[in-house]
Each structure stands twice: as C-alpha cells, then as structure tokens.
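Just so it is clear, A, B and C label the chains in written order, and each chain counts residues from 1 on its own.
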Amino acid sequence: MLGDYSLGDLGAIFAMQGFAGLILFSVYVLMALGLAIIFGQMGVINMAHGEFMILGAYVTYLCTGFFQSHLPALFAVSFFVAMALAFAAAGLLGMLVEWALIRHLYKRPLDTLLATWGLSLILQQAYRSVFGAREVGVELPSWLIGSVQVTEAIEIPINGMVVMAVTMLITLAVALLLFASRWGKQVRAVMQNRVMAGAVGIDTDRVDRTTFGIGCGIAGIAGSAFTMIGSTGPTSGQLYIVDTFLIVVFGGAASLLGTLASAFSISQTQSTLEFFLSGSTAKVLTLLGVVAILMLRPQGLFTLKVRR
Amino acid sequence: MHAALLPGSGPAAAPGAPDFLLAVEALTVSFDGFKAVNDVSFYVDPDEIRVIIGPNGAGKTTVLDLICGRTKASAGSIKYKGTELTRLSESAIVQAGVGRKFQTPSIYDDLTVFENLEISFPRGRTVFGALTFKRDAEVRDRIHEVAAMIFLKDHLDARAEFLSHGQKQWLEIGMLLIQDPELLMLDEPVAGMSVAERRKTAELLHQIIKGRSVLVIEHDMKFVEDIAHRVTVLHQGRVLSEGSMERVKNDPRVIEVYLGH
Amino acid sequence: MKLPTINDNPFMKPVEWVSLALLCGLLLVVLPLTLDAFRLNLVGKYLTYAFVALGLVICWGYAGILSLGQGVFFGLGGYCMAMYLKLEASSVEATRIQSTPGIPDFMDWNQITALPWFWTPFRSLPFTLLAVVAVPTLFSVVVGAAMFKRRVGGTYFAIITQAIAAILSILIIGQQGYTGGINGITDLRTLHGLDIRTDGAKLVLYFVNGALLIACILVAQWVKRSKLGRILVAMRDKEDRVRFSGYAVASFKIFAFGLAAAFAAIGGAMFALQVGFMSPSFVGIVPSIEMVIYAAVGGRLSLFGAVYGTLLVNWAKTTFSESFPELWLFGLGALFIAVVLAFPDGLAGVWRQHVEPRLTRRKAPTQSPPSVPAALPQGAPAE
C-alpha cells in the first residue's frame, strides 16, 4: 500500500494527518495528564476518568447552548468559559469522589479499579437519565471553523491549533505546579513517603483530595476539547480509557515528558495508519504495537533504573 | 542441585573445585550513576562465619542483594562453588544452596507456622512438584524438628500474623534452616529484639551456623565478636578493611568511620 | 497442643463436602425439576459465566492477579466451538443459494470465496474440542510468560489484559468476513449431526454443563488445597520471600492465569452450544470486567461462592433490566462499590460470619470454628 506513494507524498501525509489529528492528540494529552497525575503520583487507577471527561463535554454543551440562546453577543468566547466551567465541575466531582470512595482504598489498588468502574457505570446511567441516550453535538463559533492552508498538501484546522495551544498551556501549568509550587512539593513528598510527609505536618488528606480533583478537572477540559472531534454520548468516555491508560503506562508513569511523547507517538501512529487502513485495523495495529512494546519494556519509555 | 538436602552436608569436594565456597570479585553496581557497591572483592571459606559491618549506607545489604540475585550486578563476578551466580535467577541461586534472611521479618502472614515452614521445605519447587507434593512423615518430622529449634513448636497451628516480632524473626530463620543452605546470609538477625529474645536468638544462631558458611550483617559488636571468624568492613561501597575481629578493631580507618562513635 | 494428625490436610473439610452436596443438589436436581425449559436454559447460560468466575477465584482471589481480560478466553473458547458448529450448519446443500456454497453465510456476504485456512481444521470435532481449551490456554500462557517473567503485575497487568480484550473485540468486529463481525457467529444448529436447538438437547447440554462445572470446581479445589495453592497465597503476600525460598514465581503465576483461562474457555464453548451463537459482545472490556464482579460478589476466595455470585448477579440483571432498565446500571455500579468497600469477602464472607457459626455451634459446641480464610489480597505484591 505504501508503494503507491513517493517519499514526499508520505511526508505530506504524515504532516497532514498529524495536523488533522491535533485535537485527538490534545484530548489524549489532557486525559493522560490527568490520569498520570492521579496514577503516577498517587498510585490510584481511576476507571471513571473517561466519565469525568464526558462531564466536561456535557458542561461545554450546556454552556455553549446557554450562550447561544441568552448571550449571542459573547458566543465567540463561550468556548473558553465552557473550559473553565468544565474544569471546575469535573474537579469538584473528583474531590467529592476522593472523599467518599478513593481515600478508603489507597492500600488496595486493584479494588480501587473495581470501585471506580462501578462509579463509571453510575455516571454513565446518570448522563443517560439527564441528557438522554442520544449523542449531542456542540456548535462551534464561526472563528474556530476553517483551516489555514500552509502548502498545497498541508492545511491546519484552526480549532486544532487553538485546542493545541490550550493543551500546551495546561501542560506547562501542570509542570510548573508540580515542580515549582508548594503544592507540587507536597504531592511529591506524599508520593515518596506518606507517613513521613504526614509526620512533618503536611495534611496528606488534603493533598490527596486536591491532586485527585486537579486530575479530574483536567479530564474535564479534555472533554471540552473532545466536543470538537465527536458528538457526546453517555458512553463516549469509555472508548478512551484504555488508550489513555496505555499512554500513561507507555510514557512511564510519573513522567510528564514521557506522557507527552507517548501521547504524540500513539495519536500520530493511529491517525497516519488511518489514512491507509480502515479505522479499526489502524486502532488494532496501534494498540498491538503499544502492548508489544510494553511487554518488552514494561517500565515504559521514560524511566530510570532505581533501587527497588 | 539438591546437595543442600543432606542435613549438615559440608562443601562438595568436587574434583577441580576451588577452595572458596564463595568468591566475590570486583563486584560493582550503580543506581543512576551512584555506585552503591564499588569494586568489592572478598572470599568465604567453607564453614566460615563472616560478618560484614560498616556504617549505614555502606552497601552491606546491597552486597547480599547482589549475591542472592535480587539486584543485578553492573560488573564483577560472584562465584559460588565454581558457579557464576550473577547469571542465575533468584530461585536457581536458592536451589544451588544459598539462603537469605531479610532485615525485616519476611514471612507469610496468611499462613500458619506449619505451612510457612512447609513451603520452605526444599522439595516440590516446580509447578508440577507443588501440585503433587505430599505432606509425608519426612516433611512432618523435619517441620517439628525445626519448630522445636526455633521455639515455636507450640505455635504450629497459629497464623503467622499473630506472632510477636521476635517470633517472626525466628520463624524466618526456621524457614531458612529447613532449606538447609550451604551458605546462609542473615541481615541483622537480632535487630529490634528484646534482651531476652536477643539472648535466645544468639543461642539459636550458634546452633544453626554449625556445618555451613554464614554471611551476617550485624551492628551488635558483642554479638559480632562472639561469632565472627573474620570480619569485612564496608564503607561507601568499598572494602575498608578485612581480617580477624582483633585486627579490624584496631584498624585506625575503621575506628574513624565506624567504631569510633 | 496436639500434634497434627496424619490427615490434617484432607481433600475437603466436612463443611465443604456439605457445600458441594448442596450445590450439586441445586444445580442437578432442584433447578431441573422446578424450572421450565426456557428458564433452565437461561440458568445454563449463567452457569457458563460461573466457569470464568471460578477461574478468577484462583487467579485473582488466591494468586492476587487481577485479569480484566477474561472475556478474551471465554470468547476464544466460544468462537472455537462456534466455528465448528457453523461449518456443520454450512454444508453445501444447506447453502446452495450462496454464490460460494459450503462456506458460512457471512463469508459469502463479504465476498469471500474460499474457506480461510484457519477455519479448515474446525471441520473436525476432536480438533475442535482440543482447540477449545488449548487455544485460549496457550494464548494466556504466552501473555502470562511475557508479563510475569518481566515482573509485571498488579494494576499494570490488569490494564494490559484490558487492552488485549479491547484489541480482540475490535479485531473481531473489524474482520467481519472472517469472524462474522459484530453479529458474531449465529444460526448454529447441530453438533455432530445432533440438533442442539430442541428442548431435549438443551436439557442434556444443561446437565453436561453442570457436570463440567462441578468437575472444574473439584479441579480448583485440588489446586487450592495442594501446596501450590498455599504458594499462591504466600506469593500474593510476600512475593520475594517465595522467590528466595527457591520457587520460580513467574511459573506459578502463569499456571494460575492459564488455569483461569482454561476454565473460561470451557465456559465459552458451553455458552456457544447452549445459546446457539457467539459474538464479540462477550469479549471486550465491559463483559470482561463484569465477570470479575461475579467472583467478587460470591467472595473472591470461595469456589462455591463464585457459582452463587454468578447466578445472583445474572438473575438480578435479567430481572432488573427487564422491568427497570434505568435502575440496573445504577445497581450494578453500586454493587461494584459495595463489594469493595463493605463486603470484600462477598456472599461467602457473609455466610461464614453469620450463618456458619450458628450451624457449627448447634452441631458441636466444643468444635473450634473453621479456620479463618486467608485475608484479602492487597493487590500488587508488597514492594
């Protein structure tokens, strides 16, 4: 199949699919970032992460709808308001869940997995009861529609660039928060030695709750971005959870750079393959590749040798 | 493979076998560039009791980890009865006759004392062997014998979880004993024990070190003086001094970094 | 203190024999006598899931390895069986109207003109019966070896198995010419010439299924009370200590995972026989994780509990999703949470805490209570 294309064509296809996949990449990065914070820093598996994303998507849907009907003058900026609200909603729900559920299970990671799966079922049904089983779409303001023609073969969608920029900002903010703020220091301290962190006066319960909340909040933003590439239904989030986990594990948990690199390689592989093959074959090949690499290098791409 | 099965068997005098039971040469391991063990060499004779001492962070536990295969060496060799251990898996090293006791008691909380000892009995170590393992008179007798030695013969049916700290340490020593290793490695066997437990443990160790080589990490100098044939002092991943307790005790370098305070 | 007598490790304790007798009575006598053909077939379908739950008790409960991909093995076993049945239903005479007679109808619809090579051996019943167990088990051993030899465990293992379930279900759905796609392999009619759709055949299959399930329980019991069973518990607790007692830990994990896969595969094959079709909806992420809840509700350390847990959850699912479809997902979600937070030992735990003490007290007041079951697995091994 590759034989029919010249090298230049292949390069253009690679670039074009890459830019076309900008939003997918952003969704992956944001989802993985939230998950990496929760899993990497706290060792907790959140199977309901996709549902937090979908919460963000529904909030975006409601918010843009509200602007459309009540404040049409401000519709152009509605998307940014929606993102902030999505973050707040998913973050608050996350903190509530941490308090009610997760904190009882820190020593039982496999059980957390089952409990959060139960939570995801409940959330899915709740969405279905509130928003109906039919998928809903979000209308974009006109300035986000269209694309910029770079070369004859390559064009970049505008909404992709905007989402990408937001993603980069959030990634940067997370990195700053983790490595330069007091909260980040506390998170890392709790991660390394919970008992000791508690003994030196860090309120570990509060740190856990904030961390979980921020992780879920970022998933909410991912949901906002998600509304640009697909319509939102009660079970849309479930489709993303495995991919996101693989990204986190593939990148080496607790490594932000690794998360970015693996989100890029996985989304790029998938969208490039999709150009040549059917969607499902592309997906199978991508996932198979990731699983195969993880079997050879289970610690992920970016991890250092440390004393066990 | 199961040379260690015979109770109290001495070193196998295979033709051409080296004199040393254990020869550690130029052993090095680094974690992220930090050399936890750096060019360490030492030799242990059959039936020798060797004690490794040194300040915290000197690499003592890491040396034991390297010998038993828990950590992979970056460079150097570990020869046990002429066999290179660095290439073997942990279970193969144990089956070759090397036993290891961890610093904190490492026993199976969910099983009874009897079952803890039974699992350590050196038979039926493959999947099929474990499926068809029979709890016969030999197993039973040996477990009762060892349980008596480790002061736990009245607790065989108790779940290990409910033992005291000292009893847990004894149980782990018993689990090693039942393996009957030719080289026994003990990491701080009397740490965290009460005075009475400490005395009983010393007594127990005196009994079980007979007829095998022992590598001990210990801080209790009285205990060290009591049992050591030779002492190796580690400091910052290197061998600082080696020889009889008398000699090491008077080595000015050792006094400076370790014994002085 | 008396020395343990020679028979201190019997195949089953008296109370376990009673449980076995009760289960046999329920499955093989009470249910067939009281239920109509339709309901009995439904119970038979539920019981095929119990094979999966039984495997999970060994693999997850005892060995502490949580697999979220058991649907893969259930599905592979089921597809192996379904391929044989489909070929038998696609004789040249029966498929005369197709453009290529003699191949399954869905292949014909997808413009495939010859039977693919991997379908050909499934014309043979002995090969099929072997493949039903061998294919999924071998697959699990390969996956297990790749993972466990590299010390991948705990949540990582769970995620990878889940990814495998996702991959296989996408693959089956995508390759509809070879697999029947999302509809699966349907319209299965005869097994070696015998019609499997009649009430009589269904009754026979129900009993075969029940007998196989009890046989699997006995195999699991044999594994559980052997030294291997105790090593699994020990490994879950202190993996390193087991390793330094001279055991190759990975082999034992591979065995537990492989056994669970073999059980699941038998269940899958019996499903295809009793229900008459096999589809990717039993392979993916959602069914795989639902199978875990069967074992969790029954009690993750109880072999008999696995059967009761499966029956209970599926009965509830059928009842609720018929009358209150909205409530069912809330209920199932709550069940996942409750079984983790409030009843980590499931039905078996409730039985042991509240029912059994009364029974034993009445029977023999001086008898010591049955030994406490091994405590909960703490997920990934320590360190």
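Quick notes
Assume a residue touches a chain if its C-beta (ideal position, glycine included) is under 8 Å from a C-beta of that chain, and two chains touch if they have at least 3 such contacts.
In this text, all values refer to a predicted model and were calculated from it rather than measured experimentally.
Of all chains, the one whose CA centroid is most distant from that of chain A is B.
Once CA atoms are averaged chain by chain and compared with the all-protein CA average, the nearest chain turns out to be C. Each chain gets a centre from the mean of its Cα atoms; for chain B and chain C, those two points are 43 Å apart.
Each chain gets one centre point, the mean of its Cα atoms, and the points for chain A and chain C are 33 Å apart.
As a whole-number value, the distance joining the C-alpha centres of chain A and chain B reads 49 Å. Multi-chain contact residues of chain A, defined as those touching 2 or more other chains: 308. Residue numbers of chain B whose C-beta contacts span two or more other chains: 70. Along chain C, no residue makes contact with two or more other chains. By the touch criterion stated above, chain C contacts chain B in their complex at residues 1, 3-4, 8-9, 222-223, 226-228, 230-231, 233-234, 236-238, 240-249, 251-252, 255, 372, 374-375. By the touch criterion stated above, chain B contacts chain C in their complex at residues 68, 70, 89-91, 94-95, 99-100, 102, 106-111, 114-116, 118-120, 122, 124-127, 130-133, 135, 140, 144, 153-154, 156-157, 159, 161, 175, 179.
Those residues of chain A lying in contact with chain C across their complex are 39, 45, 101, 104-105, 107-115, 117-122, 124-125, 128-129, 238, 242, 245-246, 249, 278, 280-281, 283-284, 287-288, 290-291, 294-295, 298, 308. Touching chain A in their complex are the following residues of chain C: 60, 64, 66, 68, 146-147, 150-152, 154-156, 158-160, 162-164, 166-167, 170-171, 173-174, 285-286, 289, 292-293, 296, 326, 329-330, 332-337, 339-341, 344, 376-380, 383.
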